[in-house]
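So that you can tell them apart, the chains are marked A, B, C and D in the order they are listed, and the count of residues begins at 1 in each.
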Amino acid sequence: MSSVVPLWRRAVAEAVGTGLLVTVVVGSGIAASALSPDDVGLQLLENAFATALGLAVLILMLGPVSGAHFNPVVSAVDWWLGRRAGAGLTLRELAAYIPAQISGAIVGAVLANLMYAKAAVSWATTDRSTGPLWLGEVVATAGLVVLIFALASSGRAALAPVAVGAYIGSAYWFTSSTSFANPAVSIGRAFSDTFAGIAPGSLPGFIIAQLIGAVVGVGLLAVLYPEAARAADEIVIPTSGVAK
Amino acid sequence: MSSVVPLWRRAVAEAVGTGLLVTVVVGSGIAASALSPDDVGLQLLENAFATALGLAVLILMLGPVSGAHFNPVVSAVDWWLGRRAGAGLTLRELAAYIPAQISGAIVGAVLANLMYAKAAVSWATTDRSTGPLWLGEVVATAGLVVLIFALASSGRAALAPVAVGAYIGSAYWFTSSTSFANPAVSIGRAFSDTFAGIAPGSLPGFIIAQLIGAVVGVGLLAVLYPEAARAADEIVIPTSGVAK
Amino acid sequence: MSSVVPLWRRAVAEAVGTGLLVTVVVGSGIAASALSPDDVGLQLLENAFATALGLAVLILMLGPVSGAHFNPVVSAVDWWLGRRAGAGLTLRELAAYIPAQISGAIVGAVLANLMYAKAAVSWATTDRSTGPLWLGEVVATAGLVVLIFALASSGRAALAPVAVGAYIGSAYWFTSSTSFANPAVSIGRAFSDTFAGIAPGSLPGFIIAQLIGAVVGVGLLAVLYPEAARAADEIVIPTSGVAK
Amino acid sequence: MSSVVPLWRRAVAEAVGTGLLVTVVVGSGIAASALSPDDVGLQLLENAFATALGLAVLILMLGPVSGAHFNPVVSAVDWWLGRRAGAGLTLRELAAYIPAQISGAIVGAVLANLMYAKAAVSWATTDRSTGPLWLGEVVATAGLVVLIFALASSGRAALAPVAVGAYIGSAYWFTSSTSFANPAVSIGRAFSDTFAGIAPGSLPGFIIAQLIGAVVGVGLLAVLYPEAARAADEIVIPTSGVAK
């Protein structure tokens, strides 16, 4: 089923939103590590503060246009859950969303680099590839998927901006991986060798863990919210009820 | 009186929610103490930031399924207040909720340990057994009970996620005990010898103080909200009005 | 005009609420200065974090009972603005609210002292008596008065809990006096010689500045919200529209 | 089209609101740098915490009177977008808003200086004039414009106080310029040689970058929210739907 907003406009919104999300994550990470050089925890607190607020704002800003997924996992789960009920994204829409998210994410990292007077691209060198970190990504992504579709399923999609922002702000701390939970953002973060970066070689492990997390999340939804599939449409334009 | 959600599903929600709450508390405590080694206050601020946001999100996530108690004291008060009006949990439901909460809490601590590459279980060694700390738990638990049932009693149960998250974030600071205020979470925290841990030997004192706090809270409610008993049902499915 | 809640119950709510507010302010101040000994700014951030969240929660908790003034200045302005329209507190109600607030505040300080294993009472020795600090209190109190009655005047009293909590969290920082803005809380804070304390000798200057701030606030309201007087009733039971 | 509030009253509200916004920014900056001398990042976190909360509160406080623009760029975009539909500010109103904002901003800086026992005026000496900083201002201002008009355009102007506060709190971190994003506030900040100051010589570059950002924001709106022009009226009195 489709939103009334033309697909090209929605793809632009996904690119802009995912891009600015990466700008927020990478940019605030650069500022934090430069300004608080003596305490990595304080850097992460600053990074989490900026990301929680920024992500909530971006979802508010673009939700009525595209649903503000900014995340291939969310888009894919939306398609998967809604595929039988004719709700959620279609495969064609999914094929527009994901490339928009990934290309937006890369541009967002470049923008952050440029604002901070760095080379447009520097490949990240932070290795993130251990079992506990992958477990962190599984937990982070499963929780995110359950949260979004639980809200939609219970008619509270209008709370998603604040809830998702708060979730990520918390998950930066309670998961060992600092909760990337998003393949597009993970790819974008490989383009900046700064606080929030991830070495390209660590990407496959992270993305596989995120996909496993998505499956775990879908499984939990089947137990907790058996009606979630019918609500997949809410995720396409989650704030439309409010916006209209 | 019963919710329309089958009891087994609600018990799963209580286990998952209490478990993830302990994962948030313990996991963010591990990260905070590792990343901000020089300032215990900063560690507690990071821990409180993550817990306030995470708890609010978990209540949003699971409220429509089980009421999102995640706390034997809340479940017990709900049964107690509603027992005459036929509102609130029944004894049978209470007997399903409490074991689910406790077992979930333990698994949640194990999950945090594993995400941070620690032994699955390490008994906490932090002694927490002095009179002032017990007074802190009495205050923390009484305030929590008054808050939850005040909101239900005044038709504002939909605000519980944010209000309870904010309350705990504040009570981490204003009570000397850092506000456990929850027997199940207290037990879970004994399974991780890290920042948020509590030595098993300190558990009885804390749990007794929490029960006394619950009694104090019920007494305050009798003065402030004499109609609270009739609202006990709201606590079973506090967001149902919103959720549909 | 009167609320339907009996006056004695409302006075209890004002005492409990003002008391717990002082417990939050003093208790989190004790914790902050003990745990973050090396950075006063970090202490104030921790104190502001706990106070902003705690104050919002207390207003949510007790608003439907008494209006959750917790502040003689707010009660007095409510009486003053509503005195002709027959809205707001009556003089008799005002005479019950103010002593309840002050005695609650003192007990709240004692409770914080006891939770932190200190003497029940220790007179504060922090001198706060300079012109710039008094100017800070004028600004802080004027802003608080404008905020509360602006919300009531525009039918948004239900936002007061979050707005007042956020205001005080910000005013801790932007006023030089750290924004006491409340005669009852100021008196309570004289009973604890800790981070948030104020020497008894500094009280008269602070309270006079707060009263001047209230007058400035009423003047600003006359310009900005000429209809504010008619809304004085909203402040007696500001969340009743929601609660009912 | 005009609000029912007389223009002089609205101009007062814009002056008071912009002034207090500068007081918040400058005052909390002074406190932060004095109290946390060893970590500039912590200073910025304290400054961002106070500004995010304070800005949200000021918009809540004055939105029903003037729309709470507090920013010549917002007022100008409102006039521009609505000029054909007869929505938004008229040119005459714009000519009242902008001087009120600028003069308020200057008085607000003086007030902060006086509260902190400093000279009423001290010209800032912090040079802020490099390409990356200008890029930061372009991004910050474009995002602000898109956010405000996206909310209005989708019938969610009542969320603007929280959303705009959160946006600025995040943008302090993710833009290299710490997100002034406001010509009037930029001018005010030149009057205090403290943490938040900007050398007068750096003003032209910042203001030009902000204007470019406004144009970029209008361009993005044309793509994302083609109906935004019709919603320009919402920005004049954005919370009237609620307030009424």
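Assume contacts are C-beta pairs under 8 Å (C-beta built on N, C-alpha and C of every residue); 3 or more make two chains touch, one makes a residue touch a chain.
Keep in mind the model is a prediction, meaning the values are calculated, not measured.
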| item | value |
| --- | --- |
| Common touching chains of subunit D and subunit A | none |
| Subunit B against subunit A, contact positions shared by both copies (same if over half, else different) | different |
| Between subunit C and its twin subunit D, rotation from the CA superposition, multiple of 5 degrees | 90 |
| Label of the chain whose CA centroid is most distant from the centroid of subunit C | A |
| Chain centre separation in whole Å, for subunit C relative to subunit B (CA means) | 28 |
| Where subunit B and subunit D are represented by their mean Cα positions, the distance between them in whole Å | 40 |
| Numbers and ranges of subunit C residues touching at least 2 other chains | 38-39, 42, 45, 49 |
| Which pairs of chains touch, using the document's own definition | A-B, A-D, B-C, C-D |
| Subunit D residues within the subunit A interface of the complex | 38-42, 44-45, 48-49, 52, 130-132, 135-136, 139, 143, 146-147, 150-151, 154-156, 159, 163, 166-167, 169-177, 220, 223-225 |
| Complex interface listing, subunit B residues touching subunit A | 9, 12-13, 16, 20, 23-24, 27-28, 31-32, 34-36, 38-39, 42-43, 45-47, 49-51, 53-54, 56-57, 60-62, 64-65, 111-112, 114-117, 165, 239, 242-244 |
